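Common to both upcoming complexes is subunit A, partnered first by subunit B, then by subunit C.
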Partner chain A sequence: MYSSYHENSFSIKETRGTCNACKQCSPLGACVVFLGIENTLPMLHGSQGCATYIRRYLISHFREPVDIASSNFSEETTIFGGEKNFNTSLDNIIIQYHPKIIAVASTCLSETIGEDIKRFIYEYKNLHKKNKKLPEIIFTSTPSYKGTHYSGFHEAVYSVVESLANEGGNCDNHINLFSNFISPEDIRHLKEIVADFGIRAMIFPDYSDTLDGALWDTYQRIPPGGTSINDLKNSALASSSIELGYVLNLDVNSSRLKTNFLSQSAGEYLKTKFGINLYRIGLPVGIRETDIFFQLLSSISLAKSVPEKYEKQRGRLIDLYIDGHKYVFGKRVIIYGEEDLVVSLASFVVEVGMKPLLCVTGGESGKFKNILQCVLSNSFSNEIIIKQGATFEQMENIIINSEIQPDLMIGNSKGYYIARKLKIPLIRVGFPIHDRIGAYHNKLLCYEGTISLFEQIVNALLEKKQHNSSMGYKYM
Partner chain B sequence: MFLQKRRRQIFVNGVDSFDLIGGIPSLAGSVSQRACSFCGARVVLYPITDALHVVHGPIGCAAYTWDIRGSMSSGSELYRNSFSTDLREKHIVFGGEERLYITLMELINQYSPSAVFVYSTCIVGVIGDDIQSVCSEVNKIKCIPVIPVMVEGFLGTKKDGYKIACDAIMNLIGTDATKKLSLYNINILGDFNLAGELWILAGYYKKIGIQVLSSVTGDGKVKDIQNAHRAALNVVQCSGSMMRLAKKMKEKYNIPFIKVSYFGVEDMSIALYDVANFFQDEKLVENARVLVKNELKNLLPSLEFYRRALFKTKAAIYVGGAFKAISLVKALKLIGVKVVIVGTQTGNVDDYKLLKSICDDGCIIVDDSNPVELSEFIKLTKANLFIGGVKERAIAYKLGLGFCDHNHERKLALAGYEGMANFAKEVYETVNSPVWQFVRQYKVL
Partner chain C sequence: MVVKKDKTELGDRLVHELQEFREVIIAKYPKKVAKKRAKSIVVNNPDNPPEIQANVRTIPGIITQRGCTYAGCKGVVLGPTRDIVNITHGPIGCGFYSWLTRRNQTLPIDENDSNFITYCFSTDMQDSNIVFGGEEKLKQAIREAYELFRPHTIAIFSTCPVGLIGDDVHRVAKHMMEEIGGGINIFGFSCEGYRGVSQSAGHHIANNGLFKNLIGRDDSVNGSLEYRVNLLGEYNIGGDAFELERIFEKCGINLIATFSGNSTIKKFENAHTADLNMVMCHRSINYVAEMMETAFGIPWIKVQPIGARSTIKMLRRVAQYFGSKKLIDRVEKIITEEMIEVDKACKDARKFTVGKLAMLFVGGSRAHHYQDLFEELGMVTIAAGYEFGHRDDYEGRRVIPNIKIDADSRNIEEIVVTKDSTRYKPRKTEKELNELKVNGLELGEYDGMMKQMGKGTLVIDDLSHYEMDKLIEKYHPDVFCAGIKEKFCVQKMGIPLKQLHNYDSGGPYAGFKGAINFYQDIAMLVNTSIWKELKAPWEGDAFIEATFVC
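Here is the complex of A and B:
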């Protein structure tokens, strides 16, 4: 009976599933955002496995404890509904963790059986309205059959802001900086930069301490740090918002049946609802993209200038580019990962004279190629193979079939097996990095981050050359 | 501080007198360290190297289980890929059977696997895709075993998944009888060839004169497993996951089984003697004796060194299965380490009775624990070494404790005599690292 499927009884031809996907599911991204809010415990409304898998995946990258609660569906819950489990879960979280916020994300299971989580929250709050210490409960819808971990991340950024931001009060001249899915080290770097510009900024989400903290004296139920709840509430009073990244949660609509629902980013929400200026720029990697970011900060700041410290950093980066330009010129690069990351890496790659051969993402915003074209502008070439919604298997096949001979791969650790086969270096950036320590200290953004990235790349190429040389020189 | 409802799952040896309860569902919101039944089946079947493992569901379940075990292969590397039907909204609404069918047909053409395992997930159970029919249809066309593993995550814990995996393996056993047999042969059940452990064990058995006919599932090969019904004996390690299979094979093929553990000197030696004795051939027993003697001659002096260096060490153990926990307690005792906390995700009442009998007074025994409890126990007992998996590692490091991985991601062989030497060395290197001097001591409570 199923063989008839081959004769195409459906109007749209079905395709086969994937091998070695270049993405994770959306609740994972939401959990990362929740972990970047002060005193917040994430909870997944679904089976125990979702929470445990996501914890293990995040712990292996950040190497920090990651506590995510689960409402722990059973077969009975699946049939009769999960409200009881939902409430029990909230009760037990409060007993064990005393959080200020419980941030709930849905899963494919709870979404499909039609759980009305917003109503559950409303009723739970009603039930406990005498309890003045009841935590705030917020919710993000993240069915894993929709979008990727990346869109899940930005959906959560949006819904946290939407739940917490409130009007009332005067514009207090701070800005909102929606910093995207970057490393804890980069978050710290951004904080330093805005502070040096004399700008007060709410950076969200801020997991720079919660997912990269120091040793504890005693186990912290919820690690200290995170974007403060007050700042999130005041995000509607900002003078402007900056969003790093062009795609954000655009791909949440990609696999939907109906696209009449338009997703919004947090910045767009604040703009439409509260009229807050929105600047959207790329992730600042490389000189060009970082210049744009710094010019923007400079125009927002009182001093209207870039602090000398960064002029110097920029100078050192250019100096480094010159030191290394010969070793990278014409080198063919494969870049993969989340859409905005790939775009910013591609922009860096072309500005130092390397060639992006292949730009691959698991996301499916439909805008990937356009944005790449825009950002690369004159350096864009139709020879770049651009694949959205792609997998590592497809990536490998393209490399083999097109006989392109790459020199370098830039992306997360899941592509290692391809780099190993090709015998080329892999520069590990992004998420996840499961085969090295220190991913949380990866600095990628702005002039300093680019210095670190460029050095890694040049040295990896030099090492390969040195290793393969018959002479084994120790001077170059 | 702790959840009241869990009080029967926490036990202080020599102080409490109730029966420690195990095997009950986790409490919602408790932040259990457990996974789901899908995970259980996935990890058990994962090491079958030349099979195609297809997860029918949205991407997460496949993504999080891509190449996660340290199981090694002597042949095919197919099992190390992550195949998924990657279901989207339209499949949830209109059904994913067609997607599954096309996925299976194309992947079989592309990869020519020896068999296919199709795992259901939570959502597939809800939308009601008829995986069984799709599998049997593909099986008819492609003439290879296509086995549905109906293991929706919400069905229960990992242990429930183990049972379903055993049933899936039963479907494969007895479907081929062409492998050449030697005089004495066994199946190894419940070794997953982490860091090549199976090869160490198979080496011992070979020296004794016994053929490992089939390994379920470490370095597993479909053809070997199909022949497993012809073995004289099933040797079961990791009884938590494989007892069901052993019992079913006893029922259906009348193959007797023995339970063993390959971890620690004592258990390893008992395993070899038990297996050798089973065949009632004095030659085998003599071979086993010689082997054990030779191995111990090399190993014991080095262990003596570790024992002297480690006598102040207090260890916490939190692992998946009770059998592993029991072996760990014994092995740690052997190198002079005191166990002060021991817990498992899936132990049952009987397992915990056994644990109580081998643990010292004051040792905390816990079922289905969570980060809050584990960290409190560490504070109470002043443990300075933790043995567990990735999730426990983060807790241990954050509190400034040494940690040794005994989970399925590890890349260090811990089975057999060689494994015991590795384990002792790792514990020694962990505990004696000078970095701990920079960690502040906990305040005495």
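Here is the complex of A and C:
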């Protein structure tokens, strides 16, 4: 049906340097995942700047304490290897924090000098065999020069499951829900939904409390909350796994040197190793994608039906679409961010009658175009300019040199400067959002999240119209 | 346990308690760590500052406030200059995380004036670049940046893997300078993150680069010949530089260059035509001051225009240095004018602030400078320390000859600076210098933080997370000053935190107008009632029962 699809004729100059990137480095994503496990302290094996930069970046988005330890490489460590620093670091973390898990991610520095971190862990464990309380040590390989923060995130999801999941025990009726890089509010929403369906689900990673906590009576060295270690161990016994998002860590495989190493997502791993059913659907944004998610939950649940609460929410969302249609119809939209986020937003955008004329991602999986085309199906048009592995600078060039004339941008804070130049509203979604508070309360998923997103969009358009009106209408 | 009552009367009791507290913290560490940390936690004596261990490697696994060498070089010193294209050679993270995160402001003079600080240039190194080398990609990135913006100056900053794979950024810079031609200035920095103890190493590397590649390239003398000064170590966070520029202009002091708040390359190249250097952040820029003194004969004084009284002190010292009656009178007139509003604001704020406790753990000079403001507010600083300071920032420059050079300092290039054969010109004669000294103006001196802090207060270098928790638990300060990494931990414990790296999106805090802003912000912070709401009414003892209204 889509054989007629051809490359959009508009092209930009391919550059080798990067100006205003639309991605961050992979250890950042891994740290977010580690912070979503119960009683876990992340550690970066590399220079202390990596931990400091990533901490300050996550903190400016989540506005919560974020502790990430580092093995503090010096020049000497860089030359003679980091095993000594690695061990000292583990010792000190254990003494100060008493975590159940220490989750280690590598950096460009340790990967370049070829540190064998798996061996370090093996030897450290051997050395402390007698210590019954020794925390579990997990490792994710995240060389910063490979993939993006988004693939680092999913690589970490995979390696945590790979290290912890084991058979042994009875298969019971729970599922694994790999919920992707979403806001703490959305994690809470997903928990509520599965509970309402009567499904016992392990949601991973669950940083809904660790990265969006209340004030404490007494100081907590590691914030409470996170996916329980037991649940992660039992993930191999689940009846099925659901993965939200199509791209996940695929871009680690694309056109890189290590093609002999084919990375898997956590769901794929559980499927091949333990034979657990895997459902992979998009991030549920908008009616269509959420319907798919709810149908799936309903088929998994015992009752085989959707709770009335959600039928009402769906009804309200449709009602809202109708109310707002006259304001959004035909509006020209630019969407940017992580691949799966852009795909889900584009699906929502076309469903309300807007045009996603430019879809940009910093990710480089190579699958972005095809997946977008599949998800949009009939609504896909050759008008849509799709750019992957792109930067904000390239995005700006496309806008200037094409006929897009956008009305609205949807994406993270980093694109603000373009919205400012174009004098159009920016709806803040994704990561990082550090020029507004409450990014951690952004609800995006399912019917309720879509209601909130749609209202924000309509109101932003109305505000602009009102602001520009010479009459100053109060009645829009 | 909690020192809360009667904070105004900080007598011997507190001194004693702090000493005891130090012992308690140290005792809790494992032996080896305790031995090391004990040297970095000292009880102050302003009359005879004790030796403190500073600028030594952080122990792995102890969560530190410190950043890396790259952060100090690219982010701090060269970041605020608007007309230089800064290219990060490395994977994307480093460049991205230092993309406009310090809230440096800059004000292009007109539409044609370049401003590149809103851009983030990186070579975004990939697998294949690590294996086969990234020099070609770097060259291409420079060509693209040049085509895109036509800048007159480009700098390259190395990240960790660049040092490891041996890309020669300096050779690439030279090569590209020849290739592009037209007098473009391109230079590189070997500021790999693993190099030093903290960002401080990066400052030193950046200072060397400034001196080698920029300062002294343009001999033209622009503007008035009177009272020509440079301001060193001012980075225009929250508009500080704008306020200081306003004050200097009002006083008729001719500011040639600021390193590097609201700065341009042209001003750097011309900086050696000034007659006095004022050093604000001693840690990050004292090397430039010294090199300029050696090469061009420009003396320097330490200034700290944070706090109204300190700003006055700075202006008077500058006037004293130039010794002209005209300037002295003008400065005094401006001070009188400015202080009317300042005094009023201070009086208003003091109603809320007198006797309150502050702790400052930040930067390489901010933990010192901001004590002036707290003094003006009648607040007491009971504990302070730097993130990346050296011994001289604590104990004063007199200890510099005794500072042990370790491997981490040795790997930073020391450039040999000699008298410039044609342009060296002593600004003052020996006699004049002596006279200034007799009258209390010490040139090239910095007494450090400890001289100013009270007897018995705690001075802690590179505060760890654990020590921070314990400090707060015991002393419940009314305000804790640090950065964003500490902000939310401290606030979770019910103590307001003022960010002194980026001012919590506030500022300016320098100069007279800045002091007013700070008074108001701190009065608001220590007086906010939200901390009283931490417990819901049903959690407390005094449960207010609802009454039935008929």
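Simple rule for what comes next: the second predicted complex is superposed on the first by the 458 of 476 C-alpha atoms of A that agree within 3 Å, B and C clash if a C-alpha of one lies under 4 Å from a C-alpha of the other, contacts with A are read in each partner's own complex, and residues count from 1 in each chain.
Convention: a contact is a pair of C-beta atoms (placed from the backbone, for glycine too) under 8 Å apart; a residue touches a chain by one contact, two chains touch by 3 or more.
Note that the coordinates shown come from a computational prediction; the quantities given were computed from them, not determined experimentally.
Q: Are subunit B and subunit C a fit on subunit A, or do they clash, once the structures share the same frame?
A: Partners clash after overlay.
Q: Regarding the shared-chain residue A:75, is it in contact with subunit B (first), subunit C (second), both, or neither?
A: Both subunit B and subunit C are touched by A:75.
Q: Applying the document's definition of touch, where does A:272 land relative to subunit B and subunit C: first, second, both, or neither?
A: Neither partner.
Q: Between 4-12, 400-408 or 526-534, which subunit C stretch has C-alpha clashes with subunit B?
A: 526-534
Q: For subunit A, which residues lie in the overlap of the subunit B contacts and the subunit C contacts?
A: 15-21, 23-25, 27-28, 43, 46-57, 59-60, 63-75, 77-78, 85-86, 88-93, 95-96, 107-109, 112-113, 143-146, 148, 213, 215-216, 219, 221, 256-257, 393, 414, 417
Q: Inside the complex, what are the residues of subunit A that reach subunit B?
A: 1-3, 5-6, 10, 14-21, 23-25, 27-28, 43, 46-57, 59-60, 63-75, 77-78, 85-86, 88-93, 95-97, 107-109, 112-113, 143-146, 148, 213, 215-219, 221, 255-257, 393, 414, 417
Q: What does subunit A use to touch subunit C in their complex?
A: Residues in contact with subunit C: 15-21, 23-25, 27-28, 43, 46-57, 59-60, 63-78, 85-86, 88-93, 95-96, 107-109, 112-113, 143-146, 148, 213, 215-216, 219-221, 256-258, 393, 414, 417.
Q: Which subunit B residues qualify as touching subunit A in the complex?
A: 2-3, 25-39, 54, 57-67, 80-93, 97-103, 105-107, 121-123, 125-127, 133-134, 137-138, 141, 152-157, 370-372, 375-376, 378-379, 390-391, 393-395, 397-400, 439-440, 442-443
Q: Could you pull out which subunit C residues touch subunit A in their complex?
A: 30, 33, 57-71, 87, 90-99, 101, 118-131, 137-138, 140-142, 144-145, 148, 159-161, 163-165, 193-195, 198, 407-408, 411, 465-466, 469, 472-473, 483-485, 487-489, 491-494, 534
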